[in-house]
Amino acid sequence: MDTVEFTPTPEQLAWTFGGVEPIMKVKPGTTMRLWCEDAYAGRVRSPADLPSQCIDINQVNPQTGPFHVEGAEPGDTLALHFVELEPARDWGVSTTIPFFGGLTGTDRTALLHGALPEVTWIYQYDSVRQSVTFEAARSDFRVDWPAEPMLGTVGVAPPAREVRSSLVPERFGGNMDTPELKAGATCYLGVNVPGALFSIGDGHYRQGEGEACGTAVEGAMNVTLIVELIKGGAPLWPRIEQDDWLIAVGSSRPLEDAWRIAQVEMITWLAELYGLDRMDGYQVVSQLAKAPIANVVDANYSSVVKLPKALLPAASAYDGMHRHLRTS
Amino acid sequence: MDTVEFTPTPEQLAWTFGGVEPIMKVKPGTTMRLWCEDAYAGRVRSPADLPSQCIDINQVNPQTGPFHVEGAEPGDTLALHFVELEPARDWGVSTTIPFFGGLTGTDRTALLHGALPEVTWIYQYDSVRQSVTFEAARSDFRVDWPAEPMLGTVGVAPPAREVRSSLVPERFGGNMDTPELKAGATCYLGVNVPGALFSIGDGHYRQGEGEACGTAVEGAMNVTLIVELIKGGAPLWPRIEQDDWLIAVGSSRPLEDAWRIAQVEMITWLAELYGLDRMDGYQVVSQLAKAPIANVVDANYSSVVKLPKALLPAASAYDGMHRHLRTS
Amino acid sequence: MDTVEFTPTPEQLAWTFGGVEPIMKVKPGTTMRLWCEDAYAGRVRSPADLPSQCIDINQVNPQTGPFHVEGAEPGDTLALHFVELEPARDWGVSTTIPFFGGLTGTDRTALLHGALPEVTWIYQYDSVRQSVTFEAARSDFRVDWPAEPMLGTVGVAPPAREVRSSLVPERFGGNMDTPELKAGATCYLGVNVPGALFSIGDGHYRQGEGEACGTAVEGAMNVTLIVELIKGGAPLWPRIEQDDWLIAVGSSRPLEDAWRIAQVEMITWLAELYGLDRMDGYQVVSQLAKAPIANVVDANYSSVVKLPKALLPAASAYDGMHRHLRTS
Amino acid sequence: MDTVEFTPTPEQLAWTFGGVEPIMKVKPGTTMRLWCEDAYAGRVRSPADLPSQCIDINQVNPQTGPFHVEGAEPGDTLALHFVELEPARDWGVSTTIPFFGGLTGTDRTALLHGALPEVTWIYQYDSVRQSVTFEAARSDFRVDWPAEPMLGTVGVAPPAREVRSSLVPERFGGNMDTPELKAGATCYLGVNVPGALFSIGDGHYRQGEGEACGTAVEGAMNVTLIVELIKGGAPLWPRIEQDDWLIAVGSSRPLEDAWRIAQVEMITWLAELYGLDRMDGYQVVSQLAKAPIANVVDANYSSVVKLPKALLPAASAYDGMHRHLRTS
């Protein structure tokens, strides 16, 4: 099957979902090796680099793509299977950003406080030990943490003519910022426009659930993925399958609505897999679901619902697509 | 050290935090063996028992207590260490309840829909295999799940003369409905009134994060716990310590505020343990926190923030109280 | 008919709804002349008095009452008609309070900001011109505004054994902080306990909708009211009737839930008054309702829905109780 | 000065803000007479027309425009003064729409309820009496209400390459659904792209605050407006000036965030007009603001804050632009 390698030039980076011409066409079944720039567009590189001085707010969270998937039509399901996520630099970076984040007044939670202090933390990445090192800015606290590479942003072009900033998580995917989007995961997205026009970006070497300060350990990433297409079956909201988990992601505000969306999407999935009545599905998620928060900082908040396959009867979501991709 | 056994009579059950005379006095260091009735007050026992017909809304979620802890003064910290939680019946029960739950219109999210169907699911508990069996109400779907006993409700009397229903999670603890309150956990609560006046109840044989339909696998529980008192040091919001995790619980609406509370409480805890500046603490939770939702159904929603001890320098919260209680 | 005058001593002030013995019994039909202390308990009297130094957080928003209404039983409707609200001092006061208010981080919207500046504004009240004078703290801006006396807090004892701080607005009324509670208004409250046990307080010489900074022009108030009792008919949430308006008040978080509650309560009222189907009632509020926000600062937020009587067919709410009280 | 008349053909209707080529260029100072189709695109015309059968969800809320304003640059302020709004048909229409509205489960507040009943109400418009007639669908309740024509949607192209559905209210204006946008009002919008690219639409013959069921008395509208341009001074969020009121509109979720945005925008405006310190401005809005809810049904909720000019010192916003336009 085809393999495609692609590293965008700075001019080729995409800043939106929708509104951008496809950078190339790919056939279903294609393996791709893609390079992704970090969310700061590579502009924050030392503790002295402050976002308010380095960043152009219209040029953050650059995406690699969009890719036109041949044969994809509205109502189809795009499957993106992440084979490998490999940090592409030996450092990552996180910062606070004025009036952005979960524990500060923001443009939406508009308050009369001045901005919190702006701080930049540079993390060294050790590719042998696969760890990152946190060094406190205001004391000598220092600790190593395992790297857990993930993609903050995976999405397709939105419906209804809209063009959305790559900072937004929505039905079309986008900036969901969930650690579940890691190597070994298959992401299912409903196709809204011919060709699907998917993009990926926002590599995180590590991220806590909620992404409290608004940024993870941001870093450029080499991503190996396989593109597949399922005719029909478009889920209403993004779904993720891992070897051990079925996952749905909801994004909205307030946070309880993001959670509700993910719960209802999962109940729908249970009905598809097991013919389970919705009230019985409601009971299953009530007793079985894990519900880690993804982000409480983006234009929509994102909430994840996970069910362990081991506690459900055997079933083949999308005719066994995930297993197929894992073994291909 | 003393051991106390107590099984309340129906007349001795408490329905509020605050507003109830202590059922007994206990000394710090006491081990207690307590029996807790289920949240339905034992009134729902078969699939034919519907909550709207069986339940008195003023008599739900009964608590065992309150217990007066000798020497406890406002500003002190009550430590409750859960040694063992053992299902006290061979069945548990979950139901939908009209206009209560996370995926229905409620008394607060007041809408024009009629109530969802009222359904009662009885779960058999197998004490040998330590499992519960789910049987769908509307198909022949049937599956066993491991029992994971926990307490939905642990709290002390509130401050400022208030008396709160046992359905409410708040600063004083109460109906937090987090699966983290399980055997091996130590719960730290700020004392608001002399004697602390703690109560426990709402045994769950198993519960998903979020408790979507509003009820877990509810069941009577035998609880073995150790009571300890720390002079001073009252946390603003409930904290939980397990062998591997530091945990804070926030409760409010909307859900993002519950999450914010738990995040800030954890940053305060990091400052206490490591002298970490709050901006550095903000960074630590941003990259390290797990953030499972506890409940999105109660009078306040509850959100948990967890940090893995293994990824932090060694530290002794409350002078090693948890380790002391684990080994006592 | 009886007339009762009552000015509480400092020891007689009530700080909660529920949990307090009635200060006296009154018969339905009684006219009462009551004196109410201001929400600061009279402790903030000059620009140099800062709340954080003057106030005991357990002694704020004192209430005059509770009064036991003879014959009132759970399920009945208490009608309180406000005949006159007269400022009892020649000054009022407003302040910011650390971590309290609508445009600051709070105990619930927990953030990492330090507190906003603490400022006290003293307003002179001119009883002849019935105006208050605002003087800016940080410039020489100065302007007179009409006094528009209202009561921030009107309520009865809560159900289900609860005792709630006088800072809380809820189903039982309480700290709703709506400017609609002014002279000429009749407030209908569902009775939860024998005798109803109503209290009033929190006089405002003037308040903007939302009460943004958390405090109005707070001032002691002389209140003349008539107490009436309607057997049965308890509304689910507080209703207010004025000569020209039907009003419902919802209180919860987030603010949209407070609004939903008030809308649904009004649709219920339309069904009672006109036999209007709920879908038709939904349409009436959609095209006719005014929806001023009451408060976005208290333990619950409060939202008001108002319908103009002039645009509805003639009807007699509660058998013409308001008209009866206006002319009695 | 120029006068322009324009009635779009169906093919010329715009469905988004941004992403559409300008339909014409206009000079600042131009008076325009524009025809606007109703939000149903004219497809719902009798009680038998149900939205789920008549409407293409990608073709709702059509806009007249966009118009390129000569000389407008990012950072400038577009002033649109509404001289006259005249119903263009002798009937208007409102409906419920499945899973859309304030008192139903929605795509965001995702619940397990089935849809509320779908109902269409046709209102006759009497141009002589300037009234609309409500006829209940499920009883013989019938009542006349004054027409109060307004525009639900007024906006410019968004920043940062985005294209947004005309259903969205945001910083760029859009579907705010506030009754304040009526004849005699001047709307100030920050310009994001060269030419501003403004559009208008969504005529309402009458609307309650909140727009509870999701639709007003929708109707085609003839709009006379004057376009003006102010160099610089772009407000962060939409502002409206009327003869008697200064108004700011915030749009977000949850509703309290929309309110916060509008409050802070108004405090900023007070600082511009009077040099008022932000803490003093906080006090002014606390005691003086009206806060009617605009909508609790759209993609963002909208909240209005209003200050009465009569209770503030004389001032000239935007160098007296509103007065100039009122008298031109």
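Per-chain residue numbering starts at 1, and chain names A, B, C and D are given in the order in which the chains are listed.
The working rule: contacts are C-beta pairs under 8 Å (C-beta built on N, C-alpha and C of every residue); 3 or more make two chains touch, one makes a residue touch a chain.
Protein names from UniProt, one per chain: A, B, C, D = Acetamidase/formamidase.
Keep in mind it's a predicted model, so treat the numbers as computed, not measured.
Novice: Between the options B-D, A-B or A-D, which interface matches A-C on more than half of its contact pairs by residue number?
Specialist: From the options B-D, A-B or A-D, the copy of A-C is B-D.
Novice: Sort the other chains by how far their Cα centres are from that of subunit B and give me the top one.
Specialist: The chain farthest from subunit B, judged by C-alpha centres, is D.
Novice: For the pairs B-C and C-D, output the one whose chains share more C-beta pairs in contact.
Specialist: Contact tally favours C-D.
Novice: Report, in whole Å, the distance between the mean C-alpha point of subunit B and the mean C-alpha point of subunit D.
Specialist: The answer is 47 Å.
Novice: Where the CA atoms of subunit B average out and where those of subunit C average out, how many Å apart are those spots?
Specialist: Centres of subunit B and subunit C (C-alpha means) sit 34 Å apart.
Novice: Could you state the distance in Å from the CA-based centre of subunit C to that of subunit D?
Specialist: Roughly 32 Å, centre to centre.
Novice: Can you list the residues of subunit B that touch 2 or more other chains?
Specialist: Touching at least two other chains: 103, 109-112, 116, 253-254, 260, 263-264, 267, 279, 282.
Novice: Give the list of subunit B residues in touch with subunit D in this complex.
Specialist: 103-105, 109-114, 116, 254
Novice: Residues of subunit D touching subunit C in their complex?
Specialist: 94, 96, 101-103, 116-117, 119, 121, 134, 136-139, 141, 143, 145-146, 206-217, 253-256, 259-260, 263-264, 267, 274-277, 279-280, 282-293, 296, 301, 303, 305, 311-313
Novice: Spell out the part of subunit D that touches subunit A in their complex, as residue ranges.
Specialist: Residues 15-16, 18-19, 57-58, 107-112, 159-165, 250, 252-254, 257, 260-261, 263-265, 267, 278-279, 282 of subunit D touch subunit A in their complex.
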